[in-house]
Amino acid sequence: MDLGNARSIKACLEEALVVGQPFHKEGNPASYIPALAKADPTITGLALCSAELGQVQAGEAQFDFTIQSISKVLALICVLSEHELDYVSQRVGLEPAREAFNSLLMLELNHEPSLFNPLSNPGAIVVTSLIKGHPAQKLQKLLNLAKKLTDRDDVSWDKEVYESEKATGYRNWAAAYLLKEKGVLDGNAEEVLDLYFKQCSIKLNCADVARMACVIGLDGNDPETGKNLIPRETARNVRTIMATFGMYNQSGSFAVRIGVPSKSGVAGGIMSVVPRKMGIGVYNPAVNDKGNSVVGLKMLEHISQELDLSIY
Amino acid sequence: MDLGNARSIKACLEEALVVGQPFHKEGNPASYIPALAKADPTITGLALCSAELGQVQAGEAQFDFTIQSISKVLALICVLSEHELDYVSQRVGLEPAREAFNSLLMLELNHEPSLFNPLSNPGAIVVTSLIKGHPAQKLQKLLNLAKKLTDRDDVSWDKEVYESEKATGYRNWAAAYLLKEKGVLDGNAEEVLDLYFKQCSIKLNCADVARMACVIGLDGNDPETGKNLIPRETARNVRTIMATFGMYNQSGSFAVRIGVPSKSGVAGGIMSVVPRKMGIGVYNPAVNDKGNSVVGLKMLEHISQELDLSIY
Amino acid sequence: MDLGNARSIKACLEEALVVGQPFHKEGNPASYIPALAKADPTITGLALCSAELGQVQAGEAQFDFTIQSISKVLALICVLSEHELDYVSQRVGLEPAREAFNSLLMLELNHEPSLFNPLSNPGAIVVTSLIKGHPAQKLQKLLNLAKKLTDRDDVSWDKEVYESEKATGYRNWAAAYLLKEKGVLDGNAEEVLDLYFKQCSIKLNCADVARMACVIGLDGNDPETGKNLIPRETARNVRTIMATFGMYNQSGSFAVRIGVPSKSGVAGGIMSVVPRKMGIGVYNPAVNDKGNSVVGLKMLEHISQELDLSIY
Amino acid sequence: MDLGNARSIKACLEEALVVGQPFHKEGNPASYIPALAKADPTITGLALCSAELGQVQAGEAQFDFTIQSISKVLALICVLSEHELDYVSQRVGLEPAREAFNSLLMLELNHEPSLFNPLSNPGAIVVTSLIKGHPAQKLQKLLNLAKKLTDRDDVSWDKEVYESEKATGYRNWAAAYLLKEKGVLDGNAEEVLDLYFKQCSIKLNCADVARMACVIGLDGNDPETGKNLIPRETARNVRTIMATFGMYNQSGSFAVRIGVPSKSGVAGGIMSVVPRKMGIGVYNPAVNDKGNSVVGLKMLEHISQELDLSIY
């Protein structure tokens, strides 16, 4: 792959924007969280970050949105930095799941409750519970990690979205209590969920997400300073888990059509990592029935094919 | 069926006690509610009530226990008295289930969320939510109904058991939130559950349970005064639903071996209704993996066969 | 219950016919078996049989139809006459199921493969395999039993329907092979299924079905001669199992609305047993999505309410 | 990655053999196919093939075994060469599954029956049915493809293994009939299954498997002649699908620990493809409860880490 220069990349992103934008009509802002339902489906952002090219952006790449499930990657990085992989994989699992992003089916059927993918909702709740420290410390760790990876000081979480999700996220409440009942979740379910809803409401923009993805792609090294921010092994493990289940039950077709380890959030963001090369952040709030941004998918497909980014 | 006289019935109950008692070793007090786990498995009670014979008792028939799921029958009587059967059967269902007493499997799979048996845990939570009035009124209605059916003034609920279940009944919490998420449960999940845990902790003894069963068996009429306490149609519907799913996923073999509409509670009580004839209450806290009292089942099998009580 | 005289019963059946007939528009002949799909939905039959009244009939009570799943009762009687209940209940189960009549869900989930209701399709396939003898003998036993219970010499099976089901009954084939794989089905799957499809295509009319039901209701005794044709205990066990799962996943609401142990067949027949009193046979080929005759249900509801037949 | 020279690679393979061999005690030859159960668990083979290095081998790399589910890759290549990806992905799916390799759970639950991974058993049965031609032609196509990719003239299938699987592969029979019933499988179920059992019994050795994998890794080009044998796009799609579900419900942890698109067979073979670099074939008949060769996994883990092969 020859990435060409920043100018041709910029043109590629602009094309992606033109190609993708009309597809917002095939999705809708997530309606099950009232505070998200009112998002403007005409806002689209796109950013790419690499050590060679720095930041290349298109559309509203500075528009802040809540990262939702992209925060699962932050929590997973925290936990894999603090615990052995084996410790973690005994509490959550490494297998993909084919159910919808919020299915409790396997939780109910499951005789090996550890086998929850850390990027599924039930698995992510367990991951969040494994961060060391008391609740306030855990949230601070996640915010600090986000600040470090994005090189941005003012990372915060959206109180309105957090409260909206906490009040209406019945399925996550059900998941947490089922996990308690199965003995997979230590500590207080309400506390873990409170933190989970807060981490989901962290606000970033496409440029931030692209930079974060770039660090993960560069084996944990900062694209500007080269300084190591995440252990090399953790970065690879996170990329691998993103590749197998980062796009929920669209992960398989995403792999075939786009082929880049990615993680989506139901507010419309997607973070994509091209190993050893770059990070990409996209945003548009209209999501499909799998919870993935429709415009985001189209833009990533365009970019992946133009730049031949598939890892497979 | 010739019920004989009170003397021969008394002998039959005493025999049942001798036959059943040793089987407490094949069960254990429910351990998932800490306050129940410490029950004494050597305490066994047995009572029969009919208009002709009055009360006939054996063992510790005056020993108070929390009625647990037997309270689902009280709530169902309340709701069927206040609403049309069709209204209720659109919110819960009338079909039996084969899963364990607390399974959420069908809740997750279910595309017709109304189809929850009112004597399953999720269905019973919905039934409790349908009682008219604010929470304190609802509880008062249930207590008043229990007082009326048992002709006992001092019916109360056990605060320790209530608190124990509320703190550790994770599965019921999960059920309530899933029901919220499916749109089947109106109102506040915490409030409904709070009431549900209270109704489960109502304390009665075998004599009370037998009398309550007798009223239900006599089409709602008081065995002593003949006064109608429950609408005739409600009494029959409750008996029918008890026959098809009152013993959880042991209802089918219970029908074959004992054949009397019954409802069990996980604290060890069983209420059995012989239509148009009598009511029976049994108690021993050692329950099997289906949540039914092992000694209770043996005693009922003995009595049903001796007195030829099967309705089939 | 006072059954009145044959004349008033006859009037009641005629009323039921008038009430029920229009409802054929709410169902359709079973389309998954091509040979059944062409049945005429305007043909309705109705018959009642008791020791006191003999046969009372209305509509086309002499019209022959394939009994389909009603044959499960014949096979169950055979098997319960040849084996202990415990032997049978370890191979099939006694619990009702809430799934659709042909669900394999529980077969796949099930860790206790024995727990298949003998009146579900997978359970019935196992029951058929338990009849003693080689395939031709087994079929002869079923036909002989049908002849004995109906007092009719010319009972036969419908070759066209048999071949149609054998060719297109994919789900039953799948069930048989899953049962083989779980080790629950002895012998040759093809042979058992061949017999199963033959027994389903046995042809009887409403009068036959009513007489058969009457014998089962009278503890196995012939309503005319009083001679015992089925062991008393077997008759009761069969009635009980019919009560809990004879109408598939409509068994619970059927119990509430009609309350009589019954078994339906997807060709449109229903056999109802009123313990110690009578048998009823109804037929109309338009079935609902549960596989039960819509007109049949309406007619039985009318008769049960008029004659107060519910056992509950 | 610097692959070093053939000599150091040979040393690496020999080490892998020493590391992996003892682990055969943690698995067992697949017992559900009688003809496989008698395999010798001390036989281990290992081969690597690349354009630069040619063949490098260790252990019994020339020992023939039946490729079993590795044949799913051959069938998928055939079908993706004959049909558009969209056509195929509407009949099978692209999502991974978390169930065991032979689960029918999702088939029964599934409301979108197309969503079967082509490397799961039900999906692979559909894929085989999609090969154009009559049964004998289809088998010939698969054998010809195997000959072309392995550059070996005498590729054949094992009659004894084929017959053993055909007689006892009840679950595959059940899957085929369920697929028929859901309308997902065209044509005659017996014919498709017959072909499926034949393709599973194709015999190859590790050297063959490594060469086949190498062609897939080199975008379909022959490592010796450079001639294109498989369309470039098909090769990538096959690699992607192997990455997401080639190791059944061990695919996720395999990705984390080994990270190379692979496909296992229950007879003990594994085919691994390193995109743009090489192919690897390993064999040892002792498989774990997921159906994957235990020694094979250990050897691949050693090689992947030593040569840094993970694609993530």
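Residue numbering begins at 1 within each chain, and the chains themselves are lettered A, B, C and D in the order written.
In this section, a residue touches a chain if its C-beta (ideal position, glycine included) is under 8 Å from a C-beta of that chain, and two chains touch if they have at least 3 such contacts.
Quantities reported herein were computed from a predicted structural model and do not represent experimental measurements.
Interface subunit A/subunit D: over half of the residue numbers present appear on both copies, so the contact uses mostly the same residues.
Look at the CA centroids: the one farthest from the centroid of subunit C belongs to A. Work out the mean CA point of subunit A and of subunit B, and you get 48 Å between them.
Separating the CA-averaged centres of subunit A and subunit C is a span of 56 Å.
Centres computed as Cα averages put subunit A at a distance of 32 Å from subunit D. Each of residues 105, 109 in subunit D touches at least two other chains. Taken together, the touching pairs link the chains into one ring where each has two partners. Shown are all chain pairs that touch, namely A-B, A-D, B-C, C-D. By the touch rule above, subunit D contacts subunit A in their complex via residues 85, 89, 93-98, 105-106, 109, 115, 117, 236-237, 239-241, 243-245, 249-253, 255-256, 259, 261, 275, 310-312. By the touch rule above, subunit C contacts subunit D in their complex via residues 103-105, 108-109, 170-171, 173-175, 177-178, 180-181, 189.
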